[in-house]
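Across the two complexes that follow, chain A remains constant while its partner is chain B and subsequently chain C.
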Partner chain A sequence: MDFEFMQETFLRLLSGVPLTLNLAFTSVAFGAVLAMLIALMRMSGVRVLEAFAKGYVFVFRGSPLLVQIFLIYYGLGQFRPTLQEWGLWSFFREPYWCAILALTLNTGAYASEIFRGGLQAVPAQQVEAARACGMSGFLLFRRITFPIALRQALPAYGSELILMVKATSLASIITMMEITGIAAKLISQTFRAVEVFIVAGAIYLILNFIITRLIMALEWWLSPHLRHPPVPKASVEAVHV
Partner chain B sequence: MQQLSYFELIGFGPNGWGNALLIATGMTLAVALCGFIAGAVIGTLVAWAKLSSSIVARSLADGYTTVLRGIPDLLVIYLFYFGGSAALGAIGSLFGAEGFIGMPAFVTGAIAIGIVSGAYQAEVFRGAFQVVSRGELEAARSVGMHRWLMFRRVVAPQVLRYAIPGLGNTWQLILKESALISVTGLVELLRQSHIAAGSTRRPFDFYLTAAILYLLITWVSTTLFQRAETYSMRGIRRAS
Partner chain C sequence: MMKFVKTVSLAIVGSALAIGGASAQTKTVKIATEGAYAPWNFTTPAGKLDGFEIDLANDLCKRMKVKCEIKAQDWDGIIPGLTAKKYDAIIAGMSITPERQKAISFSRSYANGPNGFLVAKTSPLAQMPGTGQTYNLDTQKAETEKVLEAIKPLLKGKAIGVQGSTIHAAYAEKYFKGVADIREYKTTEAHDLDLAAGRIDAVLADSVAIVESLGKPEFKDYVMVGPGATGGMLGDGVGVGIRKEDAALRKMFDEAIDSALKDGTISKLAVKWFKVDIAPKS
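So, the complex of A and B:
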């Protein structure tokens, strides 16, 4: 094991971290909005919207992400004249935006199911109680439904975040030089697959570890009602006296 | 040159890519299935290690599942493709062979899928084992069954029964992961679509076909797993 080489590799790979995080968080942010829309459609009770949401989730969860990326990045090139006419070509020409679009559509499908689970787990009594107090519509959603659903969905959404960080590695196949892209280049240059793999793997593990901790902290912060009440200070002091 | 229609393009006619796509679909299924079986073997061993009383075995198994579930699959595939080739080259040079020996893409793919899915399947098996009632294990021991016999007669059938839904999820994951094997040059569904797209300049048509075929496989296997679940649960009374 050549530690000097690994250190050098570490520094090279570190330069890919911003792009990896950029891809992950941009698509997660857009994806969350999309997922909320899809989840609301799925629960709307309108048959057309429900069918659309179901179909959407089936298509994007049932086919490989790489196929979706290729379909957008290479596939839409087939309609270049039309896209140019519509002024969209500058968007679909960029591998960055194609990756973001594919990742967003993908996480939208997965996260919509997570959100739906969270929304459906809101106890009916709580909603009834809120209605009895005179809340309705958006106020009810903002004060009662959303906070409860968020708490329910957070653990699963945390794993979705990890999956997204892992999924950004596929962007390397369409020339994005994020961590995996740089790693692949280094491996094919040096043929030292094991060392590069260890370093790149460690970087991903550290990133994912930090994300898990952040989600856990958020969960803790959002559920004060589940924690043991803090021991009153006075009694602690009383022991000393 | 006249534009071929979509169905001429993916059909079985003289200009159609239908045959090639079908063979490639078979390849996708083959590599996914081999990976799934390899993963089941690895998963069983790792689940056993996780449930063992030895701290060393437990922490090794925990480390394995944490690492493999925390890093991108693509990285694992690169490791086995390039690392495997390097190892083969080293072995080859011992026997006097020279230069680069490529790792067979199919083997790389199956191993990589097996190693990754082993981590997921280990968790599935571990969870399923914990559902098996302790009383039954005790009963098996009390009638004098030995470890292997107990595994075969009592543990395995029940664990498999409870593991079916989880295994179904893993199979879907594997199916989608198999598309990544295309980076090693194995001519599976995605690679074949890539080749066809390149030579006909109709990328959208071919990637769309690939997506449809993947969806078809997913749909069929979901149905099959659901059937297997109903079948395996036929003797169990469910609460509610």
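So, the complex of A and C:
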């Protein structure tokens, strides 16, 4: 194991971190909105909307992300004249937007199920209590249902965030030079696959470590009712006596 | 079950070691090819490997009096796979370059063709200077670099597709980095698709691969342009990749290639697959 080489590799791979995070967070931001819409459609009670949401989740959760990226990038690339007619070509021409679209559609499907779980687990008593206080409709959703659902969905959604950071590695197949893309290039120049992949893996670990800490902090902040009550000062002094 | 797994893995390790020894008694030589680099090597719609190198490998194995097993292996991992003893030789249109020679050794070359650009006939790039000429980076370095300098203004801001981990990617990086937007693809098929879709303006590849692409209907309005370069960083032609310690196997391949060159087999196969004779002249 050549540590000088690994250090050099680390520095070169760091240049891929901004693109990796950009892809992950942009698609998660769009994906969260999409997921919320899909989750609400799924629970709307309107048959057509429910069927659409079910079909969407089935397709995008049931097929590999790699295949989705290929189909969106190379597949839709075959229909350039049609896309140009619709004015969509400038979007589909760019590998960046194709990657964002594929990742967004994918996380939208997974996260909608996470959100649905969170929303459906909101205790009926709390909703009833809110109604008793005169809340209804959007006010009830904003003040009671959504915050509780968010808190309940957060642990699972944290996993989804981590999965998305790792999923960006597939963008290298459509020429995006994120961490894995740069790693593959370095391997082709040096043929030292083990060292390069160890360093690349370590960078993903560091990124995901930071993300898990942030999610934990958010969870802590959202769950004051689960924290231990502060220890009364008097008893602390009593120990010292 | 565990016992079965153990036995099988022992058998695999054992046979790998036996082949690793690569002595004169070698009965089976495992050969890796890419299977996605037509017409050098490709996979037919029926899933069979075919191409210049498949024919060549079978001919060389006959000459070496060994049994060959040819299998497809992803290009990116093809050299690590060889050093990890997953197979014994690479016959995959791999150019002999100093970079690669640090990791593995090569047989003598069995083919040597220049590179080129594939562009649309209507593109301004179709007027590229140096078209139809071939330069050798070893003997005509100054002239080559002069003509490359002349095509830089044309390439400014254009997107060029290359296959990653190839001499073409290294060449594009060296001469056109900062001038053009260089995009790396996993396979030549992928950059061809993107050229046809209009996402990129040109493909930089081996002239043989370009001639092959030009034969497809979607490229009927495309041409091969630009100066063709060989030698230097582009390497001394295409050879069989072999582990450094397998000197005996390398010698077998060297002799087999020499004899196939002498009796004209390689020229015949090259004309069959490439329509041009790219057998090395020396």
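Assume the second predicted complex is superposed on the first by the 231 of 241 C-alpha atoms of A that agree within 3 Å, B and C clash if a C-alpha of one lies under 4 Å from a C-alpha of the other, contacts with A are read in each partner's own complex, and residues count from 1 in each chain.
One rule holds in what follows: a residue touches a chain if its C-beta (ideal position, glycine included) is under 8 Å from a C-beta of that chain, and two chains touch if they have at least 3 such contacts.
None of these values were measured; they are calculated from a predicted model.
Steric overlap between chain B and chain C is present once the structures are superposed on chain A. By the touch criterion defined above, A:Gln68 lies against chain B but remains apart from chain C after alignment on the C-alpha atoms of chain A. In the overlay built on the shared chain, the residue A:Gln189 is in contact with chain C alone; chain B does not reach it. In the superposed model, A:Ile215 lies in contact with neither chain B nor chain C. In the superposed model, A:Val17 lies in contact with neither chain B nor chain C.
In the superposition on chain A, contact of A:Leu37 is made with neither chain B nor chain C.
With both complexes superposed, B is the one of chain B and chain C in contact with more chain A residues. In the superposition on chain A, no contact is made by A:Met135 with either chain B or chain C. Applying the stated contact rule after C-alpha superposition, one finds that A:Arg93 touches chain C and leaves chain B untouched. In the superposed model, A:Leu150 lies in contact with neither chain B nor chain C.
When both complexes are overlaid on chain A, the residue A:Ala200 reaches chain B alone and has no touch with chain C. With chain A used to align the two structures, chain B clashes with chain C at 78-86, while the other stretches in 6-14, 78-86, 114-122 or 258-266 stay clear. The residues of chain A shared by its contacts with chain B and with chain C are 74, 77-78, 173, 184, 187-188, 191, 193.
Every residue of chain B that touches chain A in the complex is listed here, in rising order: 66-67, 70-76, 78-79, 81-83, 86, 172, 175-180, 182-183, 190, 193-194, 197, 201-208, 210-211, 214-215, 218-219. Of all residues in chain A, those touching chain B in their complex are 58-59, 62-68, 70-71, 74-79, 162, 166-170, 172-173, 180, 183-184, 187-188, 191-194, 197, 200-201, 204-205, 208-209.
Chain contact summary for the complex, chain C toward chain A: residues 76-77, 79-80, 83, 99-100, 102-104, 161, 164-165, 169, 183-186, 190, 193-194, 196-199.
By the touch criterion given at the top, residues 74, 77-78, 80, 93, 95, 173, 175, 177, 181, 184-185, 187-189, 191, 193 of chain A touch chain C in their complex.
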